[in-house]
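Below is one structure, written out as structure tokens; comments come after it.
All chains are identified by letter, namely A, B, C, D, E and F, in their written order; residue positions are counted from 1 within each chain.
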Amino acid sequence: MRVLMDVVDGAEIMRVSGPYRAAIGRVGTMDAQDVYASVLTVAERAKLLDPGLNDAHALYHATHDALVGILRDPAGLGPTFRTIALVYAILRGPRKLELQGERDWIAVAMFGSIGVPRPAWEHDAVGLGIYNL
Amino acid sequence: MRVLMDVVDGAEIMRVSGPYRAAIGRVGTMDAQDVYASVLTVAERAKLLDPGLNDAHALYHATHDALVGILRDPAGLGPTFRTIALVYAILRGPRKLELQGERDWIAVAMFGSIGVPRPAWEHDAVGLGIYNL
Amino acid sequence: MRVLMDVVDGAEIMRVSGPYRAAIGRVGTMDAQDVYASVLTVAERAKLLDPGLNDAHALYHATHDALVGILRDPAGLGPTFRTIALVYAILRGPRKLELQGERDWIAVAMFGSIGVPRPAWEHDAVGLGIYNL
Amino acid sequence: MRVLMDVVDGAEIMRVSGPYRAAIGRVGTMDAQDVYASVLTVAERAKLLDPGLNDAHALYHATHDALVGILRDPAGLGPTFRTIALVYAILRGPRKLELQGERDWIAVAMFGSIGVPRPAWEHDAVGLGIYNL
Amino acid sequence: MRVLMDVVDGAEIMRVSGPYRAAIGRVGTMDAQDVYASVLTVAERAKLLDPGLNDAHALYHATHDALVGILRDPAGLGPTFRTIALVYAILRGPRKLELQGERDWIAVAMFGSIGVPRPAWEHDAVGLGIYNL
Amino acid sequence: MRVLMDVVDGAEIMRVSGPYRAAIGRVGTMDAQDVYASVLTVAERAKLLDPGLNDAHALYHATHDALVGILRDPAGLGPTFRTIALVYAILRGPRKLELQGERDWIAVAMFGSIGVPRPAWEHDAVGLGIYNL
């Protein structure tokens, strides 16, 4: 699989080869709740989720796990006096290309900055969550 | 000990045999704080707590432990974009009926649903906390 | 759905009505690892999991969430000087009977005792984990 | 209440005024389990616990909370490649001297060093846990 | 090093001997965010931090670790229906007086009370966090 | 800054431009302790740490934070019946190239797989930790 992130005419484009579908989103907030809502909305608009709760439930937990890597502490953002600015990608497809007979998986990868809400008082953070569909 | 939950004339009744006292409550919220306040209020109305802080302190921690089983993540409800609807029971009495010479214990058992705040996007959850009086 | 747990000729039987499949297991240990291994083995023997990693991955996380309710602390069993004796049930089927078009879910429910390894120094604990297949 | 820690003829003495009883212990380990066992043993030898599980259960959770302050991470000692050397005090008595009608409380206070197991690669740590009897 | 806390003409004074610099602050709140903001402000007023983010970043994590000892649960204050009243000290200087060639360290020590927001329903709590500059 | 990872004559090479120093390591284990020890050893061999505990302390916490992203649960590896295979990079240098007057920072980035110890029963994981020197 090849994933290419690009900007074409001001729009963010993610080109994914093979049996994968993807979407990109951005969120900046001091309330961790906004991250879950943003990822869910972007995934639905990109038609990455089948009807029913199964896929959305897997996406929720993938988002949660990715956010653990960003926060590295379970107490959230506001209560720990921190703000984040994230770009994230959602990817749906096979766990490994050569695997036959497995249903798809869904992954959320996040990259951005986290820090006390003062100009330039932040450092980078990453997170990745993967769950079975 | 026998615990029978029943509805009589529209009121929730918990009949408990032997040296036990019990109460039932319900709470639905996106703020975990409401759960602690609801349990405390119901326990006081049912006269399950002796004066002083000892019993209330034990009830607080029993509530907290039960809530851990419901949330399965320490970050609470709102920050994780989830809502709960719970029914809970509070039970005070001996740890085991055959034990002599032990003070009472207090238990909080919770059952309900948890999920992203969309219609029918939830699944069941349970929790149980037990502390010494 | 009706779930009846019974003992017939010394064997534990779980009778489940409708589109559900179930299994029962027991585990007693001071090493939390044994719980994951026990649940996985019982689920495989009962043929609750389709081939591939998807279902086993969901079962792993359902087991983990159920164990959170039992432990109410992430540090495990041995490091916190505790031992557990659990009976657990694994259930596979629809999230709600009336839902059409959703894949199955898998649930792990645990009940037992936890405490410092001394005779009768324990109290009850419960846990429930549910994940999408 | 006055608490004086002193050494008399090579033995550690804790003199406590008023309605309090106390004990002192020491433990050095890379396995957090040893801390629970050490505190329990010292409390029993000093006759701080009444028969039955109630007092021991409260002491367990006070020890756990004190250890949270020492570890500042739930993953324990060995798994995080750290060793501790602690002195701790256990104190039983009224929550506040002027309070009437409350049962005793039990407190565990810990002070010591924590760090990767290399000579002098450590810094100080403290912890305090208090539970109702 | 000798640390003497005193009140002179109504002002809190912390006298520290040798190569150490110190400050004292107080904070009472149901929102954990206020603790981080209070400690940062006091440290800046006392000129304990060099320019740039390095020292402030170390102070943030020392504050976080001290708060772990106070809260003994990652879910914060408001979500767990608790309020705190704390006095804290910030100390900057060598990890050990006899160490040569090490940069300074920064420590945050907290003492106070925590409990459900009712009069006198609280008990003591302590916390200590230490990070490298 | 440009970071290029390459293989030359069978050896892993990390070429870093500007005021940065870097090292690469690999570790596979079911005991999280091994990760801390591996990262520390590789950093010392690559001469990324100044004498004294300050830099090593920062590296420890950067490793811990990166591992949080990998594990997404504080209970470690063995206790959760999981094994990891990781490649990691350690980078020392300015937080941002344009910043003047700040001391260096140290970052640990991890990538690899995590899963129950069965062939091919794993998925990817990432983690990043950054601390001030």
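Simple rule for what comes next: contacts are C-beta pairs under 8 Å (C-beta built on N, C-alpha and C of every residue); 3 or more make two chains touch, one makes a residue touch a chain.
Predicted model only: the values in this text are computed from it and were never measured.
To find the repeat of C-D among A-C, D-F or B-D, check which pair has over half of the same contact pairs by residue number; it is D-F. Centre-to-centre separation of chain A and chain F, using mean CA positions: 22 Å. Inter-chain spacing, taken between the CA centroids of chain B and chain F, is 43 Å. Chain F has its Cα centroid 35 Å from the Cα centroid of chain C.
With touch defined as above, residues shared between interfaces to two or more other chains in chain D number as follows: 53, 57, 74-76, 78-79, 95, 99, 105, 120, 123. Chain-to-chain contact here is organised irregularly, matching neither a line nor a ring nor a star, and falling short of all pairs touching. Those residues of chain A whose C-beta lies close enough to touch chain E in the complex are 73-76, 78-81, 115-116, 120-121, 123.
Remark: chain E residues 31-33, 36-37, 40, 53, 56-57, 60, 64, 74-79 touch chain A in the complex. By the touch criterion stated above, chain F contacts chain A in their complex at residues 65, 68-69, 72, 95-96, 99, 105, 107, 109, 120, 123-130.
By the touch criterion given at the top, residues 51-55, 57-58, 61, 95, 99, 101-103, 105, 131-133 of chain E touch chain F in their complex.
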